[in-house]
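Look at the two complexes coming up: subunit A is in both, with subunit B in one and subunit C in the other.
Presenting the complex of A and B:
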């Protein structure tokens, strides 16, 4: 931890609420997103907001940020009551929001994204370029990550974008930092560092409102937890009175007990075999085999090369050496078309830029992969087949919408993720690569998605799951491959490794991979 | 903000409610029509005037469809008129070469079929070249087609030494005859093109891919859409539409020349933009093109009638088009602005 910017410590306000929401309600075109929600956030407090997908969390946050106006209810910040809260007011009162879609400027560099807001908010007319780097570096040091400062944000990974957004919020003199699923792509190491920083700023009276579907994170960081279901507050209480299963129960209204994948080993020919695959600067000498019915997990920290490996298998990233065999035959996967031709499907990591067509309807998003098969003999689209497929997947994945003809951007984050999954599941690939398949999906639905994935495997599909979610990997996979600095650092058969052991191996990778931290 | 076409599930109420742009265009169309009919009751709402208006706009309408499909992919085709002139000159040369003055009916028909085929072939090839420059060489559409526009025009000049090529009165029936005695043939051609493209865009997988690609090129690639092939196809279709326009030009003027109707490119863009086609791709509807071209035609004819007596009145066409474009754009941006105001902000997460 180096040179932190000094933040004002409003000790005298410690006892009073920083933010009070009274009886907030909001509906969108007949959907009641929030129903009579009240919330109090005190200085220095970490308040977590949990609930299923579409329960209204992001809507509540947008109301606090002044981006969405509630239908009724009032907002009190710092003792000032706002009839109509504008985004500028919220920012002036010290509210910093990291949105689910981290609204960064894609054409600016990492350093500019972090530092410019800070300068703007100080009414600096002429940007002091010399300071830009310094401010950005200080913020990055604070959470102990290394990022190239002069790279355009557009070209960096989701995890790095999230880190940039977090840094940007940290350099402001915020009184309340709101993180709406801002940690989905981060791995153990970054989360640890982030939580350390959060605890530090809490000491100085900064409040944190944290939304996440990763319940262990919630239990670790929260002082108070508010659970909402279908827009209503179910529970708002101290974290001490909650545990994982209680949280799940309040969120979903049921107990969730997930069974591990009952894989029965076969000696069938592998669907996919990778031999000594290397791509310079990305990964090196990767070998594994994937048999029908197998679910192979791939995990590793940021920069371990796991996403790059997936991109190479899908024909996006060229390989330098090594072999890919499909059904025992050497396959030349030179582009996405040929990957698809070989029966490979890929659910990408970054749903906003690689997965979704936000302005297009939910149904178009679902059928686009398979549209060539939904035709009548004459070659024209068959409306009934298209509708049948849309209806089937909306039901199968419980996509929460009242009209699939609405644009995909009207869905909540977790539901958008399901749309991307539906698109690929509908195409029935023989080898399916899932990169973060349940990112942003709530616990209850996660289990349902896992069940669907397991069923696909039971039908003989080979599945690769890339994830940081250790419990997810343990439920889903029969084998787990740990990557470290572009290489395979270990392969574990599921029954032989426990959650604790795997986490330990992962963290061990941390200290070796990034000694400087 | 115009909603994407209802490509499969007809949801009349939702569509109408969503598609404010189409509604505004319809209102504009009807208002102008009614206003002109009231102001000039003896000349505007008459069969003769309908006939005359109906024969005036088809070329620009068809070119606007070419602009629209390229805009749907987030691109544009500035070369349409130069492609039309190239195709027209080639067709006229074929007619001269294959149909002697004393030709038999059989020779005439065969000659015309070959001439039209050559025009289409030239349009398709020119379009494929545009598509290849954009899809494979990765040029920006605006620069690529600006370049080929000059190239195709130069080629046409070189072939004709800058002179007009006469088509020996072989195609003039297109410009003069009326189907069933009342419907001008160019209008019939326009209607056929409209129907074909409404089907292609809304009822084929190619059409869906076109919209998806325009709305997120990267996601399209990751969804396995063959982006290059779709782009190639799109620009080829645009070239074919230019060839259709070439045949109409030839029918009307009995000749083709390298510098015919250069202003049509900009006018076609105006129609497409007025129609609500999003220049950055992903949304726009054929129905919008039809309404936009009608509104513009009513305005320019009406203005001509109103200002006929004033000297320079005919120049008011451009003025009226510009005014209509601005009015509709302001109306759109106003309603969009309201939708984007905090209360109505669409969600983006």
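Presenting the complex of A and C:
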């Protein structure tokens, strides 16, 4: 790998570079998203871009892709300088982006989503459907996943959408692959496969620009790391000179040390008890109890049934047999309404497409779940109460915006996630199901979110956390349930299991789930 | 696979159409005579060509309400010009000129939409008034019955004629070939060309289309020019079949055409729709309105019945989508919002 070699002389560096950004600045309506950022990416090099939510990572990527025009600075690709870079220029120069929001066509099939951009950039005028399928199948085979080709992307799961976005980029013979948090919806197994592919293409001289809030991924894949804070570069260095705590420090400007959840066991009646719950094809014979103040983690790979279980508890997916007890009483959670009636709240997995009205303002998005508690007698909305609630949550979750009346789509990805979380936390459920609560949230804020979740639990709420993030589960939960192929494969009390053990149990599930070879 | 076919709007409309035909045929056997079917084909031709244009716009996520104004403008202006120069040739030249005028007017729409990124509804509402006003005040507003010879003869241009048992001679008009040709052309463009796929892509997600490197302005120029072309063509056919050029005609039909297209499965929010569905939608509406006469239902009631069919026909897929969405865990939010309010 050329990338690990020591730094060459500056002139060489310029000649060698695939991509050079010089003094890029960009502001949106008064918000300085990027301030004098320079970046050099060489062939075969894996460059990681890290920074807090809203620090400007996605903006920088969109500038490289020709989607956003910088206010100042210049872009040199392959030695060619671009006054104004258009998306097609970037693509023709070999730049492929996996966008944070996937940027797929919901109305087109999986096959066409993968093949369309490829054919477009090759000036194909006549579409041969056999070829479309072939291109798509080749791409899927590359990372070893199986997806139905003729299904509309709209109807597939988040993880599958992300896989489609990845395949679409891999199918092009890219010279630079940019991944803006491309692993958020994936579990160990797919991430391993993706990283294998990345290493392979790197050997062939393809450069990678990688954005992730999962620092272990960053440390694993990077040759070089660039850290930005509030749109400015703070550090741009070899990965060898960094470790987890230094990374965190440079990103946030402070040391972060998270304490585990100090759960004190009680013998109170369980808020929620599940007995032998089954839903054919989804999960089977699941039993557990959730007492007030408990934070129960649920983990497992894609297809382990964890999301389906959550959906059943929220009344979305029907169950075939088994019982759900709430406060010791058998409860019929037939639909979402009865789930809400029983005090259950659910933060969905695919928050960017499921949980937000992107064109509506941030404040409207926050209050939508609690709108009926904010009305004055007569049914009119109390503006002051709305504002108070919005201000409270913007502050609590440090949502980075200078005006909550702006549309939600003006927020960075991580900040959009917080808005969804705010909306559900504001509704004060008694049982809260969080599906990947901190996906796409930066390390610093993650700890703050964990603190908020722990405080909710301390107030006596029962919380279910579905997550792949093992350190997160260990910090947050007092008990962890491991699911595999729809069944409970193990229950661990937190002090009795270590990070290494839990990871091992999960990977064990990987090797079992994957067919031989 | 079977389930997917069964759940398509096209299937639903097709089955409804079949049931309707059987019912009407049972009540009034005249329905199954060649004369009635030739009549239906003739009525469906103009609406069908319009609807194909509307389909293309709807797929792209836009809407065009100016095509009727383009049609009448192109037809009337062509008639006036041909009369003034004393043109004695065949109908082909009329189609060419009318379609050409249609393209020019369509390009005016495209200019505002692609260049200034204005909402398509606003632009075409504006140009509808503009084109119509210009026509009535500058070109003329009188009904022209004294047509150039080529146009006057067109209404008799049958493909073939048959004489039925009662000795009445009826014919299938050749204009229906235009509908067939336009449908095939649209099908090929939409399904087998990158241009067609860019229309679907644009309707699915404009942002994603931009990022993928599609030239959205080019696509939009094509779309609105194509609609203009079809409008000019359909307008001329309309004038020829009715043996008069009436500047007050056609405008006012646009919502019916859009409704028939939506009934055939085109999504008003963009990204979805098919040529076959559109043809079925148009046929359903045509059969319905023609047959209500056949069944002796007063004409005021026709509007009510057609309105009801359109509401039901478009509500069914919407409701089904909502149900399916709940099952598949998409769009939980809107359902929730609904339940709370």
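The working rule: the second predicted complex is superposed on the first by the 500 of 517 C-alpha atoms of A that agree within 3 Å, B and C clash if a C-alpha of one lies under 4 Å from a C-alpha of the other, contacts with A are read in each partner's own complex, and residues count from 1 in each chain.
Throughout what follows, a residue touches a chain if its C-beta (ideal position, glycine included) is under 8 Å from a C-beta of that chain, and two chains touch if they have at least 3 such contacts.
Source: prediction; values computed, not measured.
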Would you mind checking whether subunit B and subunit C clash or fit side by side on subunit A after the superposition? clash
Pick one for A:108: touches subunit B only (first), subunit C only (second), both, or neither. second
With both complexes superposed on chain A, which partner does A:180 reach: first (subunit B), second (subunit C), both or neither? first
Quick one: classify A:287 as touching subunit B (first), subunit C (second), both or neither. neither
With the two structures laid over each other on chain A, which partner does A:355 touch: subunit B (first), subunit C (second), both, or neither? both
Scan A:200 for contacts with subunit B and subunit C and give back first, second, both or neither. neither
Taking the superposition as given, does A:372 touch the first partner, subunit B, the second, subunit C, both, or neither? both
Pick one for A:88: touches subunit B only (first), subunit C only (second), both, or neither. second
Which superposed partner A:116 touches (first subunit B, second subunit C, both, neither): second
So, does A:27 touch the first partner subunit B, the second partner subunit C, both, or neither? neither
Shared subunit A surface residues [contacts with subunit B and with subunit C]: 67, 86-87, 99, 103, 316, 336-337, 340, 348, 353-357, 368-369, 371-372
What residues on subunit B touch subunit A, complex-wise? 3-4, 6-9, 11, 14, 199, 203-205, 208-209, 211-212, 215-216, 218-226, 282-283, 342-343, 345-349
Complex contact set, residues of subunit A against subunit B: 58, 62, 66-69, 86-87, 99-101, 103, 180, 316, 336-337, 340, 346, 348, 353-361, 363-364, 367-369, 371-372, 374-375, 379-381, 383, 386-387, 390, 403-405, 407, 409-410, 412-413, 416, 423, 427
Residues of subunit C touching subunit A in their complex? 191-198, 200-201, 203-205, 207-215, 270-272, 326-333, 335-337, 339-341
Which residues, counting only subunit A, touch subunit C once they are in their complex? 65, 67, 86-88, 91, 97, 99, 103-108, 112, 116-117, 119-121, 124-128, 154-155, 157, 307, 311, 316-317, 336-337, 340, 348, 353-357, 368-369, 371-372
